[in-house]
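Next come the structures, one after another.
In the two assemblies presented below, subunit A is common to both, partnered first by subunit B and then by subunit C.
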Partner chain A sequence: MSDVTDTSTPERPAQLPAQSPPVDPAETAAAEQRAAGRLSWWRGESGEGARRNLWLIGVLVALIVIGIVTRPDLYGNSSWVWSNILVILKLASVVGVVSVGMTFVIIGGGIDLSVGAIVALAGVWATTVATQSYGAGGMIFCALTVGLGVGLVNGLLISYGRLVPFIATLAMLVAARGLAAELSDKQTQVSNNATINDIASTNLLGIPLLVYILAAVVIAGWVLLNRTTFGRRTVAVGGNPEAARLAGIDVKRHTLMLYALSGLCCGIAAIMLTAQATSAQAAMANLYELDAIAAVIIGGTLLSGGRGTIIGSLLGVIIFSTITNLFAINGLTTEAQNMVKGGIIVAAVLVQQVQFRSLTQFLGRNRLTTN
Partner chain B sequence: MTEREEGVVTEPEASPTGGGAQGGSVDAPLLEAPADTVAGEVVLRLTDVVKTFPGVRALDGVQLEVRAGEVHCLLGQNGAGKSTLIKVLSGVHQPDSGQVEWRGEPVTFANPQAAMRAGIATIYQELDLVEDLSVAENAFLGHEPRRFGFVRRGQMARRTRQILGRLGHAEIPPNRMVRLLPAAGKQVVSMARALSHEARLIIMDEPSAVLAHDEVGNLFRIIRELTAQGIAVIYISHRLEEIREIGDRVTVLKDGGTTAANLPARDTPTRDLVNRMTGRTIEYVFPERPTGAGPAEADLLVVEGLTRPGEFADVSLRVRPGEVVGIAGLVGSGRSELLETIYGARRAEAGTVRMAGRVLRAGSVGAAVRAGMGMAPEERKSQALLLGEPIYRNVTLATFTRYARAGFTDVGRERAEADRIAESLELRPRDVRRPVRTLSGGNQQKVVVGRWLLGDTKLLLLDEPTRGVDVGARAELYQVIRSLAEQGVGVLLVSSEVPEVLGLADRVLVMREGRVVREAPAGELDENTVLDLVMAGSLMEGAAA
Partner chain C sequence: MTEHSRDLSRRRLLFGGAAVGAGVLLAGCTSNETEPTAAQTKGADAAASGNAAPGQKVVIGFSAPAADHGWLAAITTNAKAQAGAYSDVEFKTVEAGADAAAQRAAISTLISQKPNVIVMLPHDGKELNAAGLEAMKAGIPVVNLDRAFPDALAYRLQIKGDNYGMGVAAAHYIVDQLKAKGVSNPVIGEIAGIDSLELTQERSKGFADTLAQSGLKVSNRRAAEFTADSGQQAATSLFQALPKIDAVWNHDDDQGIGVLAAVNQANRKEFFMVGGAGSKKAMEDIQADNTVLKATVTYSPSMASSAISLARLIAQGKGMSDLVELQVPKEIILASETITKENASNYLKLGF
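Right after this comes the complex of A and B.
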């Protein structure tokens, strides 16, 4: 056999010891840390989300510092500062509620472009003369049902109809706004229901009711994502749909529920926005989808799914409304504002990419040393 | 099926120096062979070629020598580096180190165009033709004969006709749209394109995979005509029979390196080839089988007549509680697809899967899991793990709902259960809060298997459980599988490593081209027999009959 084999089993280059013991530098480092004490939340893997959120809080602090520097007269007045904080939170409340639903959809590996249109449709439907005749309860029920229903349609098209989420929700964006225009006959529908309109003007303990609603939705979203099987499934479905499927998770049904949840959040947002404007029209909540997606992305949620935090999305929304507020108190145009927002989105994605790159490098090193 | 491969080759063959033109159609005019190429001269020589990608050493010291007018076969398992090697030769990748010598001169191809200009053409498995252009337009794509910026269609058609004639296919009209040709015709167009570039080396990546049985003979005839004209061919195929029929010399790759070069294609025993492909230096340590009567209970899993066209057909098998059943077969023999269909991840066209007497709904993983099945799929990273998530969440991925109360997860209990599994599988590191991506391959596999040790798994489907797993962890995994069986779990195991199947399983099924060709207790089979069954090409059986 050997005489016909010219170059059988050439000498292996010495770069890799063939049978090196599987020692992983990261692993030993971690072991040392463990020996010294428990892995601190800050250094440990579980602190990853917290670290990213800290970065966002840093941005927020920087924005406030800019506010103090540019308008020291206003920031010198403590009662103005408090009321301004409430203004920012109130401004963030409607998009904030939409962003919570969006966070779930994006962690689950999808995208929902139709949120603004769903808010408009739910708002218009809830303010038709017929619906208003059922009173505040009827209007709220109508908005939530419409939101949930449209979300379900999105979900059905995507999970069982196998449409790409981008396409399905883009189509829904167009169709829902069309239906809203049809229902309202392109008119602005005034809400005559005092209970609904009061939602936007009521304060409890000096804090607007809208902010309480945002807080309630964020807390519910946080619990749902971090403490329930629904949240666990969301991460699994977005992180590795094939692994989730082979582990027995019904990926299609869960995807359907994610879009329904997003629709439901839009229904809540529709009531809030209608209350603020005391009216609804087909053009309301224009481009909310972009605000929500941008907030979720700068909040550190991976657009490819599988990882993200509700708190990050909330901070993202608050950063945006702080920028809006900053420009307003300085009397600057919304055009300049949009440019700054665009810059922040790009910066956030760049930060994500750098993190991703260092992660893949880490993985590469890891594999070479263990195999 | 007792005849050995050597016996199947009955026809006289083209000699290694490239003289054989018999079998070619007489009316095919043999055009001028490239005059400056001497038959038998070495046209391509690779020395210690290395190519790394982030995290992977795809080529790790490849040696290769190809002569003019020969058919040089490349053998190797999936992941051995064949594809990367082709891409280096065709200019898609550039080697990190080592030398590529083309017709006596060291070269580096900056891009595919450079390789093409130098005379190296590659015919990929999925043919890269533009379906809506004509035969002639495809043949001369990118280098159409032109004058004043206008394509000279007449000249192009004439030269295409000439080349098609040289390939023995003068009957293909140059103006026919490629979409309308059968697969074999498209392959001829691909080769015409190679010849339009005056290629001196044509690389064919599994060319027979897209062809029907009777078309392969025609392919071989064309290859013989090419080599008779002094053109070198690098031929890649999994089918040993084809290599024996058309090949002159064989180079075997394993793990990115050459394990044997220039073996005679016809005379090298199958066993030697396979040994060099698998290159086993590993000592397999298998746990003892329990002695005694063995499992005698009623069947746990009964599969009857399971069929998915193009993947596998009419497969029936049984697994009893506490029994390890092994399936041996090559990649592409339908074994992984079979496993996934039993598990409900693919929907069967015909046939039934029964667990403990109850028929499972086809195409429903949920039904299979509820009936007590668990699967460790072939691709750990892409099919089984959430790499960024902690170990315990990966271990409980299939069971976390059971620990939950009213929809709220009980992380404390999940961790405790995962700790217990980590303890019993000797997972390293033991800290279950660490993300799975920091584990070695063997430990990741333990996480996947461990997932099904929670809950009440009755049947475990394992697809290549030891791929990418180091020797030590392998022995541990074997131990885990055996002890599961002793606890009454049925195991259905798929592996391309025959000794693994023979050493671990109680009963063995051999699959080839989507069919079970043999079923026997492991004790009655030896490695040689199984390898012969696994590698034999039914294609050539048909031709020889």
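Right after this comes the complex of A and C.
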């Protein structure tokens, strides 16, 4: 990741606009102001993000209260409650890692529909007989490289091939699953590597290794988004790509990196999922793209780009896995569960719209007074 | 500046080299060479009845959807292998394409080539009904494999597995075992396949009906998607919902790989499990008797081999030698058999 944060353009974005001669200076100044407005607006947004996350935590608490009310017998046992928290986090771990990459892509103004297919392809490629002969290291290297490679192809198609992200990644969804089916000959490939399989059953200090991996990816994603130039550029590119370009950001290159990052996250997720299922197959990680996008959206990331938080996405994933858990312990059907999930997505977006409107009004007033 | 650019080009070279190296390494990793599963055929052994003896030359047309699951892959493998076992059979496969419409078109082409008999596993029995009728009208007998046509005129023979019977067999085994152990008020879990499929509903109904006869019911039922990773997640949820379980029925052995992984990860050993379909790995696990998996109820892809054998007899105008009738019957529903440690060795060659 170090070469990603390493800036290709040494100048600070804010100083740059003056050196794009062919553009009308007045327009440049306006773009600069827009870009600067975006950036300061983003900086001032932390309070808003925290408020949104509080709302999500409120939903989470409500779900847990429903669980306590409906199954007091289970929730009365403290060791069960602890194991239940860990199970919820474990169920959230794979989609959680995918969602971190997805958050970057969506903040950057794109969408990645191919994540489930990339997870399947990376998982299948890492569990072929030939790859397994290289041991755990070879399998991990293979999954990460395949994930990164497919992500790069997505990025190239979108940034330099000028394909719409929706179409490019939709094509990749179909193609990657096809290749996975071809590689596996449509069979379920069992992982015979004990080291890989142990990833899913190992506990450190009573907490599953999978949860540590999720935490590591989330922390890395948070730092990358909030404390590096790469993160600021992601927000700038997603908020207004033209302004970002005028501000000296290589938008195409940056877009390429966002999809590569998403692919890399899928590679990590593929190892986690393969370890959990002790196998891989072309149909695995079915519809993970929808789970990840839904989690990112209810986490408060704007689908149009330019704003979003990693913590919100994480909470979104945890809310979904808590719902799954709630329905399981009450013995309710999957259909009912899917309807409730759909309702929560709609509710989250409605709340987001209302908040966004009042936020922009507030900012508009603010800018008038400060200027 | 020159220093800088040389640095950059060196870095590019390094990255480029690494990328090419990784690519080459990955390309080497696609191989999946394992010994192929011995196909489930019945050899044309000389000692067998006169039916196996070479007779009139038969062209069999075959169409099945592309496999997305081990079971479907085994169907095609078996059909091909069984046809190869007869010296008097010419086997002609047509791609079934992506959906029912594509398969209909493929069947039409096949009909124009006038094979002696068509064996078809339709994408969907209802949607391919017309294709069956078309072939029958053209005088080509149709053998429907596993997915029934609603119209009796659309097929000469229908051979299929018994989904309801799978549930019945699984429930019988579980009831017997619980009785033998003297468990009263048992906790029974069920991990189903894709819930929207009719076959899943039939399996669950057979299971619930049979349990009800003994006054038992399913305590919690989670639906997975016939994949190992979904099985792992459904099982994890099930175990969390039921702190103590006596028996579990998992509908599908492919997803059972994930269910067994979840059993290990949750460290649950207090119950026994029954699988479904009859994969080779499940049979080996049952035989080794070192997991919670103690039995599986079959839905065997060996039906494809039988379908080819019967299609050949139909084309040659012969009957099944153990039956009095001179022709092959019109409908055959395979019984779902229960594989346990005791008889696993007999079934191992039928595992897929």
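Here is the rule we use: the second predicted complex is superposed on the first by the 312 of 371 C-alpha atoms of A that agree within 3 Å, B and C clash if a C-alpha of one lies under 4 Å from a C-alpha of the other, contacts with A are read in each partner's own complex, and residues count from 1 in each chain.
Criterion: a contact is a pair of C-beta atoms (placed from the backbone, for glycine too) under 8 Å apart; a residue touches a chain by one contact, two chains touch by 3 or more.
Fair warning: this is a prediction, and the values are worked out from it, not measured in the lab.
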Which of subunit B and subunit C A:279 touches, first, second, both or neither: second
Which superposed partner A:72 touches (first subunit B, second subunit C, both, neither): neither
Partner chain in contact with A:245 - subunit B first, subunit C second, else both or neither: first
Touched partner set for A:84, first subunit B, second subunit C, both or neither: second
First (subunit B), second (subunit C), both or neither touched by A:206: neither
Which superposed partner A:230 touches (first subunit B, second subunit C, both, neither): first
Touch list for subunit A against partner subunit C, complex: 74, 77, 80, 83-84, 87, 90-91, 125, 128-131, 134, 138, 141-142, 145-146, 149, 181, 183-190, 197, 200-201, 273, 276-286, 324-325, 328-331, 333-335
Complex contacts: residues of subunit C adjacent to subunit A: 22-23, 25-26, 28-34, 66-70, 72-73, 195, 219-223, 225-233, 236-238, 240-241, 243, 254, 257-258, 260-262, 264-265, 281
Residues of subunit A touching subunit B in the complex: 1, 4-10, 12-13, 16, 22, 24, 26-27, 30-31, 34, 44-46, 227-232, 235-236, 239-240, 242-250, 306-307, 360-361, 363-368, 370-371
Residues on subunit B engaged by subunit A in the complex (per definition of touch): 48, 50, 54-57, 60-61, 63, 65, 257-264, 268, 272, 276, 343, 345, 365-366, 368-370, 375, 377, 382-390, 393, 397-398, 400-401, 404, 407-409, 429, 431, 433-435, 437-438, 440-441, 451, 468, 470
